[in-house]
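Here's a structure for you.
A, B, C and D are the chain letters, set down in written order, and residue numbers restart from 1 in every chain.
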Amino acid sequence: MIKAAILGATGYAGAELMRILSVHPDAEVVYPASHSYAGKKFSDIYPGMKGAMDMVLREDDISKAAEEADVVFLSLPAGLASQMVTEEVLSKCVVIDLGADYRLHSKDVYETWYKTEHHSPSLLDKAVYGLAEIHREAIKGSRLIANPGCYTTCSILTLYPLIKQQLIDTSTIIIDAKSGTSGAGRGEKLSSLFCEVNESIKPYGVTNHRHTPEIEQELSEAAGHGIVLQFTPHLVPMNRGILSVCYARLLPGITDEDMKKAYSIYENEPFIRLIDALPETRFVKGTNLVDISYRIDKRTGNVIAMGAIDNLVKGAAGQAVQNMNIVFGLDETEGLSIGAGSPF
Amino acid sequence: MIKAAILGATGYAGAELMRILSVHPDAEVVYPASHSYAGKKFSDIYPGMKGAMDMVLREDDISKAAEEADVVFLSLPAGLASQMVTEEVLSKCVVIDLGADYRLHSKDVYETWYKTEHHSPSLLDKAVYGLAEIHREAIKGSRLIANPGCYTTCSILTLYPLIKQQLIDTSTIIIDAKSGTSGAGRGEKLSSLFCEVNESIKPYGVTNHRHTPEIEQELSEAAGHGIVLQFTPHLVPMNRGILSVCYARLLPGITDEDMKKAYSIYENEPFIRLIDALPETRFVKGTNLVDISYRIDKRTGNVIAMGAIDNLVKGAAGQAVQNMNIVFGLDETEGLSIGAGSPF
Amino acid sequence: MIKAAILGATGYAGAELMRILSVHPDAEVVYPASHSYAGKKFSDIYPGMKGAMDMVLREDDISKAAEEADVVFLSLPAGLASQMVTEEVLSKCVVIDLGADYRLHSKDVYETWYKTEHHSPSLLDKAVYGLAEIHREAIKGSRLIANPGCYTTCSILTLYPLIKQQLIDTSTIIIDAKSGTSGAGRGEKLSSLFCEVNESIKPYGVTNHRHTPEIEQELSEAAGHGIVLQFTPHLVPMNRGILSVCYARLLPGITDEDMKKAYSIYENEPFIRLIDALPETRFVKGTNLVDISYRIDKRTGNVIAMGAIDNLVKGAAGQAVQNMNIVFGLDETEGLSIGAGSPF
Amino acid sequence: MIKAAILGATGYAGAELMRILSVHPDAEVVYPASHSYAGKKFSDIYPGMKGAMDMVLREDDISKAAEEADVVFLSLPAGLASQMVTEEVLSKCVVIDLGADYRLHSKDVYETWYKTEHHSPSLLDKAVYGLAEIHREAIKGSRLIANPGCYTTCSILTLYPLIKQQLIDTSTIIIDAKSGTSGAGRGEKLSSLFCEVNESIKPYGVTNHRHTPEIEQELSEAAGHGIVLQFTPHLVPMNRGILSVCYARLLPGITDEDMKKAYSIYENEPFIRLIDALPETRFVKGTNLVDISYRIDKRTGNVIAMGAIDNLVKGAAGQAVQNMNIVFGLDETEGLSIGAGSPF
């Protein structure tokens, strides 16, 4: 039985992780922690888990967590993880960080986009970007896994085969992404109120959303050269789900066969479904799946590649468990759903 | 491995049953059937289940189903089940009917409220009302189980202890219930369109909803005398969930202690949570749980007892699996969720 | 042109009042005020009003407002209005208070339910309860109008004729009410977040909601004797709308004719629609209308009377304008909508 | 008083037109018609309009309508208008067609994209594309006005200044648009059910949506050369609203000043608001407004231009009234809202 700690267990991503681990056959939470609610039962904060997860929340103390747990999940605001993680911590446990602190290889890029200092740049080299479909082998032997962002998971996986196989003009990439409101977190902000979100859609972070450099980093690596792209997120009046609609110019002569072949890289991936229909976020809700499909437009010469995930599962907690499964040698799908009910 | 057939597998309740059984450790679907979609893959109709349940749908033929399966679930429009089920079918398999045909003990009451003929009244005596929390022992040995309705499950379980323990004036019962829109089914009706349901709430079936006699039957049995009560359902702009708010006058001298004691009848029930807070449907979403709480109003002399369920799980498919588990001697909670994620 | 001041112009009710007055043919806002946003343009806070209402917000100073305006609307948290309104203020302008401070005739009842001190009890006698359908004549000559609450407006108007005409047993009244989320206000509370409200329904304030004594006061007056009743509100995942479903035992011998006759008291009311169908909140959205209908249940002996309003219009800002129209001798419907678009 | 007929008065766009005209100071509906509901009262179909618009619906007979009305609005499925409108009809009344039949100048393009025959191609030359902000002068003298589509209105107005002023590379245009569900109409389709739309977002019509050639036609005209562009619509779980997010590469040397100057073409437009903030559909809900804003991304060299409208108002019924106002010499804003309440 893998012993798990979760620091930041009462945010939406942390709580989803608590829920998934509460029914995982080979892992158990031994150290649930929350700075805001330490001393309270988890199910007092999330009454839906009464009876299923009633542990008392502890302080966000990574040293204690590392003593008691085999794996420590961090689900914290930007900048905190980089203060907490040390070589010593990593000598005692595996760390899977759901936040952004170890995702970008470059301290400078991090500090530019996140506008906060990085406190442990020496660990950046040790961190593996935890997108199993691309970095599975590296994840296996890692002690520090940077769990990808929600928009980034969806966008990278949707575009990766096209870039890896050099099918598109990488200077023309535009990602228009849409997210459910849980992505905005549990903070008590005016802009997250029901009456401010419901019955409306809006773009935000246009030209400057923090997930941009993360997508660029991974796709640049796949391309073998630097990629600069356009990323625009939107807020949608629904609880969960991310849809990434990615546009790029096809290179001359690329055919549908080339496209199919490129995506066949995923054909044995347990969490990726290549579908003919267009993706809808409801069909991946509650699962760790990524639904991907594409259309070639002969009129314009563009390809439109589309991916959908559940932002709290494949975009956060589920992917973290997928990474835990990999590191600890379990079946990668253990404890994770691959079928979505509907309506849900 | 229990072999299961589902007739009516593509309605919302049937599809939820498909989903639950697809991950049940001791049961498997061998005969999924749909009159409308026979010949197609289940996952063509429910793309969220692609990869998880791709079986081809067959015709709604109970004879064939009974040959191949140990248990046949029926999720059909009113009146069809009573035409299909026969002694012969019951000699071959257990039937769990998610519809209304075998819930009411009286053919006359059925025909009055449902305005359709009952085709197998001789089987009514053999049917057991599948509310395990009340009829568990009878369910164990039954071949024909009438799975309760969604509103009725929630309302009966909320009120049952108060009636059983004679705490309330049974002539004063008012049930004001609210349901998510999946309760209206998958039919292509104007009144079920997004733009007709969204951003509104409405009562319907006032004084004449078909779940009324079902609630009255069970509560009358508990009381030992006939009960007539007021039941009013509402449509709420959400996918899932039922909330039953039940009002009744407390009998003289009844105390909070009496109330607590009455509800303690549920204290070992695996799916009932007695909570202090007021119930919210989100906290049972996706689970087979019933959250129940109550308030005594000293000003008015009333008790307000409140229950919440997921209409597609405890109100339909989950309860059907609970009944299957009981009949086949499995752990009652097998394959059923008892912890709700949030937001979901 | 009537000159209007609005203190508390940036709450949801205040902002709706700003919107209605911005297109009122015979009134204009001269003094819009907001404690939180003084110095900013109204349309900076409510961008939907850019170009339509760009006035700069001023401080919540009732003395200045009274100097400049003919009518001062107050849309403030409980307890503030009773500190602000004085004989001197009333000598200079009409005050229409959208809050609760002057609704209850009794200081004690107010302080018991609102748990805050009332600072100007001597004015309670001067205040008129601003429900025009019942107190129109008194409103005409009043300087201090207590605009009714949202649940109360809907519930009182639905039940009033039945009590006035003595058709029901007033000891059996139960009001089960449902409200859209704008009723919870614009405060940055966890419980008002989109992800905490969406896809769920919950009761709240069971046995102790502050609108209870207000409903009891008005219905007791109509009855000529004290009425104690059960009132239970619910939160619904929609922006606007209140539905009150009211239950009571019919007195012996009361017929449908009696019911019709009782409700005919409203037949010339410009904002009340007596409808045959059951009310749905969407059909009054954005209007100052009240849709009312009822059903007699011969089985139970109960009447179910149902009303629907828009909580921000007839339940707040619209009714305030209706009262202004009455006091200043305008057509009562001026500036108020009596037809609802759908879907909206 | 302008006399108006509406054929197709019970679809969502037609009904919104009925609502707007019911309170228009200088127009009145004299001939409301509906093929499906002829003989019934409009308010029987739209109960929200009871008391405000109770006229009996007549048959969709354009000859009779033309006899009785000064202006005939058509809100019909594609292909019907082109059968109905004749020179004779146009000699008797002005026709404003909310459908697509007269929007495209080319019969061939129409038949290719709409896959239906055009029955009156000779009238295409007489039709004016009713986008007042671009074709106001032509509208003034027209007898046949093709009211633009919803996506097209929003997308064209957002991009027009950039193309007219030659600021962008017109070969790189991508429009990613999102619409509320009323855009899918009132038909009883599975895909429009609440439970199929709610809590999800999906793209549709990728590479082949019918609004594509309409946008291309208008922007090509502005450019003075043919433009081919990418247009992708999405379905959003909300009643109303369209958001168009338009991407294009800026031409070398173009500055923010150039952008501002280009958009200043709209500075006297009564229905266009150039805003600094990013547009949100809620802020134009119920109004005839278009909110437009843009961002230049120096990293990518792209401009992101964003527009928001209410699809049933500026995208359909409101714009039709705007056109009527222009043709009949009224103030262009008459009867149309320019301030949005919130939350609505």
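Keep this in mind: a contact is a pair of C-beta atoms (placed from the backbone, for glycine too) under 8 Å apart; a residue touches a chain by one contact, two chains touch by 3 or more.
Source: prediction; values computed, not measured.
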More contacts between chains, A-B or A-D: A-D
C-D, A-C or A-D - pair sharing over half of the B-C contact pairs: A-D
Most widely separated chain from subunit A, with each centre as the mean of CA atoms: C
Whole-Å separation of chain centres (CA-atom averages), subunit B against subunit D: 46
Interchain centroid distance [CA atoms averaged], subunit A/subunit D, Å: 39
Centre-to-centre distance between subunit B and subunit A (centres being mean Cα positions), rounded to whole Å: 37
Per-residue multi-chain contacts in subunit A, two or more chains: 12, 181-182, 195-196, 198-199, 237-240, 280, 282-283, 285, 342-344
Contact footprint of subunit C on subunit B as seen in their complex: 172, 174, 176, 178, 180, 195-196, 198-204, 206-207, 228-230, 232, 234, 236-241, 243, 245, 247, 278-283, 285, 295-297, 299-300, 302, 304, 306, 342-344
Interfacial residue positions of subunit A with respect to subunit C in the complex: 12, 181-182, 186, 188-190, 192-199, 237-239
Residue ranges of subunit D in contact with subunit C within the complex: 12, 15-16, 19, 22-23, 46-53, 181-182, 199, 239-240, 273, 275, 277, 280, 282-287, 289, 312, 337-344
